[in-house]
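You will see two complexes here that share chain A, one where it goes with chain B and one where it goes with chain C.
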Partner chain A sequence: MRFSPLVAIVLGALLFGVSAPWWLGAYFLGVFTVAYYFGVFAMSWDLLFGFAGEVNFGPTFLIGLGAYGAGLLNTAGWPIPLCLAGGALAAVVGGVALALPALRLRGPYFGLITLVAVLLLLDCIVIFAGVTGGEIGMMVPDVLSISARVNYWYAFGFLVISGAILFGLSRSSLGLILQATGQDRIEAAALGFNVTKHKLAAFVISALFSGLAGGMLTFYEGTASVDTVVDLSIAVQIIIAVVFGGRRTILGGVLGSVFLVLFDELLRPIGQLNTFVVSAIALLVILFLPDGVLGVLLRPQEGR
Partner chain B sequence: MLALQILIDGFAISALYGLAAVGFTLMFGVCGVLNLAHGGIMVIAGLVGWWAAADYGAGAYGGAAIGVLAGLVAAYVTYFAVVRPIQRSRVIPRAEEEIFLLTGTLLWGIMIQVGSDYVFSNNPVTMRAMIPGVMSIAGVRTPRNEVLIGVVCWAAIGLLTLLVNRTRLGKQLLAASINPRGLTLLGFELSRIYLVVWTIYGLLAGLAGVLLASFIGVSSANAGALTASAFTIVILGGLGSVPGSLIAAYVVGYAETITAYLLAPTLRPIPALLILVVVIYVRPQGLLGRR
Partner chain C sequence: MAAPLLDVAGLTKRFGGLVAVKDVGFAIAPGEILGLIGPNGSGKSTVMKLVMGIEKPNAGRVLLEGIDVAGWPTHRIARAGIGIVFQHSRPLNRQTVFENIKLALLPDSLLKLVAAPEVAARARAIAERVGLGGVLDRRPPTLPFADLRRLEMAKALARDPRVVLIDEPFAGLTQAEVATFSELIDGFRRDGRAVLLVDHNVKSVARLVDRVLAMYLGERIAEGSAEHVMQDATVRRVYIGGAIETHPRKEIDARGGEPLLDVRDLEVFYGKAQALQKVSLHVRAGEFVSVVGLNGAGKTTLFNAISGLVPYSGAIRWDGAALAGRSPAAIARGGVVQCPETRELFGQMSVRENLDLGGQHLAAGERDRQLAWLLDLFPILRARERQQAGTLSGGEQQMLAIARALMMQPRLLILDEPTLGLAPVILEQLSKALGRLRDTTPITVLLGEQNVTFALPHADRVYVLEHARVVWEGDPGRFAADMGAGYL
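Right, the complex of A and B next:
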């Protein structure tokens, strides 16, 4: 069994996830619910970054489009499933509109243009405050459920399905070609792969899952606000989650997200300094374990 | 009259943007490091300068000096605790050094922001003007401090230009930006040159932070926005090009000032972003960037 440590970790995580509602209180179930949505954000981001090698500073552009798209449709009276689909569509359309020109650029330039997309979205939300609620946020009429346990199952199910699809994609030919592109763009193109087409595909998939997760998060919290789905600090958290968990592993992002959200919660007694401590731990991990937690766990097996 | 006011106000803020961006672009040009803790370093300089001037009683000039020093110390810590370990790490692949530097400095920037939030709170603080009072320039009432800021910024930029173009040390910096390996072959210690760049960078960022604090005020919450604006200006001007950054700083500064005066202050950041998008599409290397 080549992937036995990975299988063991995944099985352990699944066991934990499935059994959690029986021994965790409503409060911690809520914490994990948020962490799972973040996990989907992180996995979508890793597909683009870890595999295609593109530093996307704008995951919250896609998430925000999904969240606000779903929220606006819901305000217009649409039922939740249609809103989620609409939000995901908005994220995909926005993603393509951003990716088509942005993929012509490389490295820091690509990073900056995605950053600019987020800043423009932020400004638009604030300027059209009459529709979007501006900096305060937008309440949505419907929520997924008011039971912490049901919400947890929604999030967990969504995480497992997204994780399976994204992980499968990363091990498929698409993932391999993306990885080749990330390592040597010219050689990948010389081998006959359409680099831009594959990167665009990765961007669309990333946008689809980010948008869906953004919409789900909106209907979990009952509100879409700049601070929870668009702000740059959310993008930073996603990036940290992926690098901490282990880039190019897809599933590592989930570990990183759970760590970030859980520790942020557990360290709340020390007040404002919790972000400081979490950032410091993540910085130490980057300095000393650049492959991330999952990367380290999987490494000995692959070395054999 | 309004045009003249825009001209004067825009000049001071643009000079400040230019000063803040020059260090950032120099750092990328010579060391290849995009320091995302840039805004954090400026904020530390501004906050410490304000604290020294107001609470510690060092006076306006003493506070400014202490603030610049704080910026320098913050830059050194960034270099020795974050950037150098990543550059020297054996486990980080060379090809991925850039993304690790980005993530590492980003994390460090957050630590600075949260740390200074904890120590100083996130209330915006404004340093007392170094020269109080107002003067009249062609009929426009202008605070003397604003004039001083424009002059100091340009003096600092001028000194930097002199240093780079006219001294032996400056020639080494230029050489390091063009071909670092060639320079090491000639027997120069590259790490010494990097240290020099970080020193210059720390002084420039510290000065920019202090001037910002005495002009429009700083707060720990600004750190991210300051980094983003320096990043924007530097990309617009062309990564690594000092004159390009200065031109870009003036484009951004005036675009913002004109929007704030003629349209609405809330729309202030938007034109700069749109200009940036257009320039990047048409000319990805920026105004004066080299490929």
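Right, the complex of A and C next:
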């Protein structure tokens, strides 16, 4: 591949990420740690929306299953790696159970079902407050590390590996077929592609990474709570992050996540207004740059 | 004759109470090209979708080399060896032409993430064959329309299908391009594939096909050579109607005054396809003007431009003022009311509610008078007043659509193909209503029709639209002599 803006952006971001622990304080390392997990949420969501063309309004259903699945296993005494695997499995199983019937529906119904799934998960967490901690949240016995630096490296490494895999998939034959099914399922089927099979695969991959990231986030924060991994406002943030960064780019979601989380933190001194300002900026970008930041930066290369 | 590659029998498809395809059958041998023709709403596209599995047939069989694939999901039918060239190309715009062709060559597998090495070579070979060799690295949005159609051909070819279905192969192409595409399709024949061409009329596919099957209202009406089908009495009745009648009006013949509607040098493009080319026409107050032309000639586009629904170049003047820049709603309020081909009724509202909506802007007394007059004009609507519009028959729906348009008290009523999909007996009722409308009111009408017998009786003047251009203009009385033979 020739040298393109994308390569420059990725190299710049990697340089920033690798060097950050040497010049950023523990506090901001923590902010980026959270932003990186959000980045994986966003990339997983973009694979489903930008490529398979399905709007999943409930990414937090998958994230929540991963987070709470991992947390519950940890409470039962399992070691962290096994908990993460178990949480990811829970997200995949839940995702398939949701997607199998939902993918048969056309139009806005898929999105509505995913929305309802989040509400159902919320209800379950509250009903089984005895094991899940209900609205207060669930403390987990283990954490990844107590060092901000180590936690940062975990998150950064996870982001880079997930990004490489998801981006690679998006540029592979599978990504090409997914885009075709997302754009016109009839034409894709007429070319001999089993549309449901491919969309389900996208959903499983999305669920796998969402669930893993949800579990990692839980072991970073030492707690899984409705407000951090399940609430619909989290889902909205993920969606905004992808659209802000540029849908159908996979990597744009990371850009959007870092922007949302970082500015939310930087603007904290202005009090309650911070969320408002961040949302307003995101709204302006979505209104005037519908292709997102990365979409615009890459446009000359995409040869519009 | 060789055993047929594709053998279809007893194909039937119902949508609710509507029988879209009724007991249709045909066979295509290797190296044979069959034309499937019929006007809009005849069911020809549904037949194509049934063969491809995009719709599931209610009855019938689709034998592909002896295996019944009827009711299979589309991707399995595609894998079994049937390919389709869609009329509207929707390529992946962010991928190159090469990648778009490559897509069609990929296996239906989740695990093969990297395309096999021979795929690239095959994609190149196919691109060369359809004439895309020079634009492999371009992205579809930068390509001319004909190249986008070539890309669709390439994608269908990539699957190496034994049966190829092609939807309106020549729509939007220039004469020179039509020749190239004919040559491409002829190439399919030489490969020994069975080809089904679906089109509105015989004329466009006549030189290419071995046989033609004509459909109307879901049924087969004729089959045979292109000449035979063109001469067939039923086909001629469907396309041209029966004997042409005209009813000239003397008082209108006083040709004078400023035209109410004046269209000059109108040009419209859909993306890169030119839908109208330098079209000029005018309508005077009180006139009944018919625009006749086969499906795809540009009638709907012309009306949509007048109604402000599509961007255009050229001038459209209404009552002395330019319409450019006015919103569709403002144009409709200004007195230009279109009754679209698709009818656009509110299917879940009652007949009465649909009519009331059309009369929203009228004063109460005025509305009641208008309603009473319309229910007299279309007595059937009075009987159906409380019925849901969506449950009416096709003819009743058309009458309701016209009545709703008239509720707006238009100065110019534009009727786009009101006969679409209607049985002959309904046409007669509709025609009588139009006659009464013309004779009892001062209304100005612009009627677009494929069915000449329906379009001519009430017309004061006629325009013939063909391939995006006005090719004839004159009195209905002269139409038969000048155009009669050449129209189909």
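Here is the rule we use: the second predicted complex is superposed on the first by the 300 of 304 C-alpha atoms of A that agree within 3 Å, B and C clash if a C-alpha of one lies under 4 Å from a C-alpha of the other, contacts with A are read in each partner's own complex, and residues count from 1 in each chain.
In this text, a residue touches a chain if its C-beta (ideal position, glycine included) is under 8 Å from a C-beta of that chain, and two chains touch if they have at least 3 such contacts.
If you're wondering where the values come from, they're calculated on a predicted model, not measured in any experiment.
When both complexes are superposed on chain A, chain B and chain C clash. In the superposed model, A:F193 lies in contact with chain C only, and not with chain B. Legend: residue contacts after superposition of the two complexes on their common chain; A:L119 is shown touching chain B, with no touch to chain C.
Between chain B and chain C, it is B that contacts the larger number of residues in chain A. Judged by the touch definition given at the top, the superposed model places A:A91 against neither chain B nor chain C. In the superposition on chain A, A:A42 makes contact with neither chain B nor chain C.
Contacts of A:L159 after superposition: neither chain B nor chain C is touched. Judged by the touch definition given at the top, the superposed model places A:A201 against chain C, while chain B stays out of reach. In the superposed pair of complexes, A:S172 makes contact with chain C only, with no contact to chain B. After superposing the two complexes on chain A, the stretch of chain B that clashes with chain C is 168-176, out of 24-32, 168-176 or 258-266. Shared contact residues of chain A with chain B and chain C: 183.
Chain contact summary for the complex, chain A toward chain C: residues 168-169, 172-174, 176-177, 179-180, 183-184, 186-195, 197-198, 201, 248, 302-304.
Considering their complex, residues 52-54, 73-75, 78-79, 83-84, 86, 90, 92, 94-95, 99, 102-104, 106, 108, 110, 112-115, 138-139, 141-142, 155, 158-159 of chain C touch chain A. Those residues of chain B lying in contact with chain A across their complex are 34, 82, 85-86, 89, 91-92, 95-96, 98-100, 102-104, 106-108, 110-111, 114-115, 117-118, 224, 228, 231-232, 235, 239, 266-267, 269-270, 273, 276-277, 280-281, 284. The residues of chain A lying in touch with chain B in their complex are 49, 55, 101, 104-105, 107-109, 111-113, 115-116, 119-120, 123, 126-127, 183, 232-233, 236, 239-240, 243, 271-273, 275-276, 279-280, 282-283, 286-291.
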